[in-house]
Amino acid sequence: MSTRLTFLGAAGFEIAGPTHRILVDPFLTGNPAAPVEPDEIETPDVILVTHAAFDHIGDTAAIARRTGAPVVCGGDVRILLMDQGVPGNQIQATVWGILVEVAGLVVRPVECHHWSMSQLSSGETISGTPLAFIVETEPGVRVYHYGDSSIFDMRLIGELYEPTVAILGCTQPREILHLVPGPGKILTGELSPDEAARVAEMLGVRVAVACHYLEPNEDVDEFLELVPKYDTTGGRRAVAPAVGETITIDGG
Amino acid sequence: MSTRLTFLGAAGFEIAGPTHRILVDPFLTGNPAAPVEPDEIETPDVILVTHAAFDHIGDTAAIARRTGAPVVCGGDVRILLMDQGVPGNQIQATVWGILVEVAGLVVRPVECHHWSMSQLSSGETISGTPLAFIVETEPGVRVYHYGDSSIFDMRLIGELYEPTVAILGCTQPREILHLVPGPGKILTGELSPDEAARVAEMLGVRVAVACHYLEPNEDVDEFLELVPKYDTTGGRRAVAPAVGETITIDGG
Amino acid sequence: MSTRLTFLGAAGFEIAGPTHRILVDPFLTGNPAAPVEPDEIETPDVILVTHAAFDHIGDTAAIARRTGAPVVCGGDVRILLMDQGVPGNQIQATVWGILVEVAGLVVRPVECHHWSMSQLSSGETISGTPLAFIVETEPGVRVYHYGDSSIFDMRLIGELYEPTVAILGCTQPREILHLVPGPGKILTGELSPDEAARVAEMLGVRVAVACHYLEPNEDVDEFLELVPKYDTTGGRRAVAPAVGETITIDGG
């Protein structure tokens, strides 16, 4: 058995294991590298949304409305999706620690040190708790998605839940950074390449998958170089998929 | 001297020491196991509210209005309670680290990794910072209430503030979970039995008190079994009170 | 070369290095100890705001409007400043981990365990993510500003970013505490003197600068005494500036 991770750009992935198709942070409209249209996305068993940023929540509402797929997210994202026309009974809000089972899949939300803020159609600003996720797609394949977390001591997450694959940002999707208003130049993602490589070691994963880009850049190269530097297991694989590429993870 | 902890269901406790009667997260209306009516609650010296979830803030507004008891809580809960008719000068907002003295009792809010979100009567959504609390009810009895925190490395809290009793969730109040909307099945509380038992060890407490249930279930049994497994002190007591039951903690 | 830190009261500092003048949390109006008027503040290259509390955001809007200086802050503070008339393109929102370069200065926001909540002119309540900051003012001088964080294990921040100077609260600006509504007596700042001294050690700084007061008090004295107690480097300097005083940090 195996699990296939297809990179959609930014932090978007379709994770297809033997039993479930999981869509995470599907950002396609407004993503110049999007490999598919939102309408072409195959019906997922569940959609996971880590937080309300536009390049993460992305096309979730449209895909959820079209496919009827259940969504798991934080409480603020639930309100935002309802504001975008997704029925409330299709959306499960959860928070760090509360495991939920949706469509037969157990979803584990874990700590994510970031923010989640958005504006409703009324103009009201809401904020909530960002999520990282761990899902076991098949025995021995536990995929961690970082949800734009910055670095913190994740060794406890590694020890308790033993993820085997980590999806980790290590840069920014530079092609869309002009959409972020303000006078500054954004230099890094929430994790630098060095921090992301350290996180892979804290989590103790077998495979570290780079993300948070549309086109691989020198940050991504640096991540690929640094993952082995912090690897005390001797067997960690680092991968940086092109947008649209599928990575296959062999099961146990 | 001794301190009496009376379990009200969910995360609600009345903590009565030699000098103060402290009410925490009094959820009675809508709690099918509630041992008392909100109107029967004896006037507390202070009410502590950990966060805005309905099964935590519960009947705080009604009890505060009836008794005039001061409330200590986060900033968002203060706004919500004022919206529910509690005078602002009766409510002290605080946050992690800022000790406040109310009615002669020193209240220590500590980190709680959870969320706090609610809706005002205007329909506006507000969110804030959830709190855990430590109160010293008598010399040598320092009671920690977890406030629905998920697991994180709490050894620093244990080392710095040396709680002796920890009130820890290890499951969900299943009888009321149908009130949580959404398509998923909620499998665990913010802390699993295993995580709660680990937290008791991180904190180094003498007594670990289970909560976040209305009727003890197999999660609670598991917590009672696991507390000794992680106990490096050899003397940790694990207790799972029935709703309405009082646990007595002997002072120093 | 050297870097000059001028204390403005509460957590306000002007940090002037060889190349940049940085204003942090400029609280002057309503600050009875303010050494200057907001109109007298020299045009900074950048203003950093840690969170929305009135004694931190302070006069940021007026100073930003008058001088046109760019502001770096969290997303909620950006909305609040725009509500106060600062143009959106003058304000860069960021979050933990995302380095931004503004006016040629690299600003590193790091984790801050606190809250950030405010009310817009419409009456709407917003909340967001508080920030601590590290800025390198010259080679070998990396100044950490705590942003009202409570204690947590900051050793990772020390290891990764090697700050050399830490600006740390250790008390409260008592002269203005009467402005905080509620029935309680506020006993400590977000960091007690003991906690602040421990944080200096976790960060491994050469210089620990006390703040979060208008007039030094016995908490500040205690901080000065305790810094050496936790110092494993043998060379840590503890300073408690008077409001208006300038501390000079020698470069490498």
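Read from first to last, the chains carry the letters A, B and C; within each, the first residue is number 1.
One rule holds for everything that comes next: a contact is a pair of C-beta atoms (placed from the backbone, for glycine too) under 8 Å apart; a residue touches a chain by one contact, two chains touch by 3 or more.
Treat the numbers as computed from the prediction; the structure is a model and nothing was measured.
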Given that subunit B is a copy of subunit C, what angle of rotation, in degrees and a multiple of 5, matches their CA positions?
120
Proportion of interface numbers common to subunit A and subunit C (over half same, under half different):
different
In whole angstrom, the CA-centroid distance of subunit A from subunit C equals 32
For subunit A, write out the residues touching at least two other chains, lowest number first.
124, 127, 153
Interface with subunit C, subunit A side, in the complex: residues 113-115, 117, 124-125, 127, 150-153, 180-192, 195
Residue numbers on subunit C that touch subunit A, as the complex places them:
70, 72, 74-76, 78-79, 88-103, 106-107, 111, 124, 126-129, 153, 156, 160
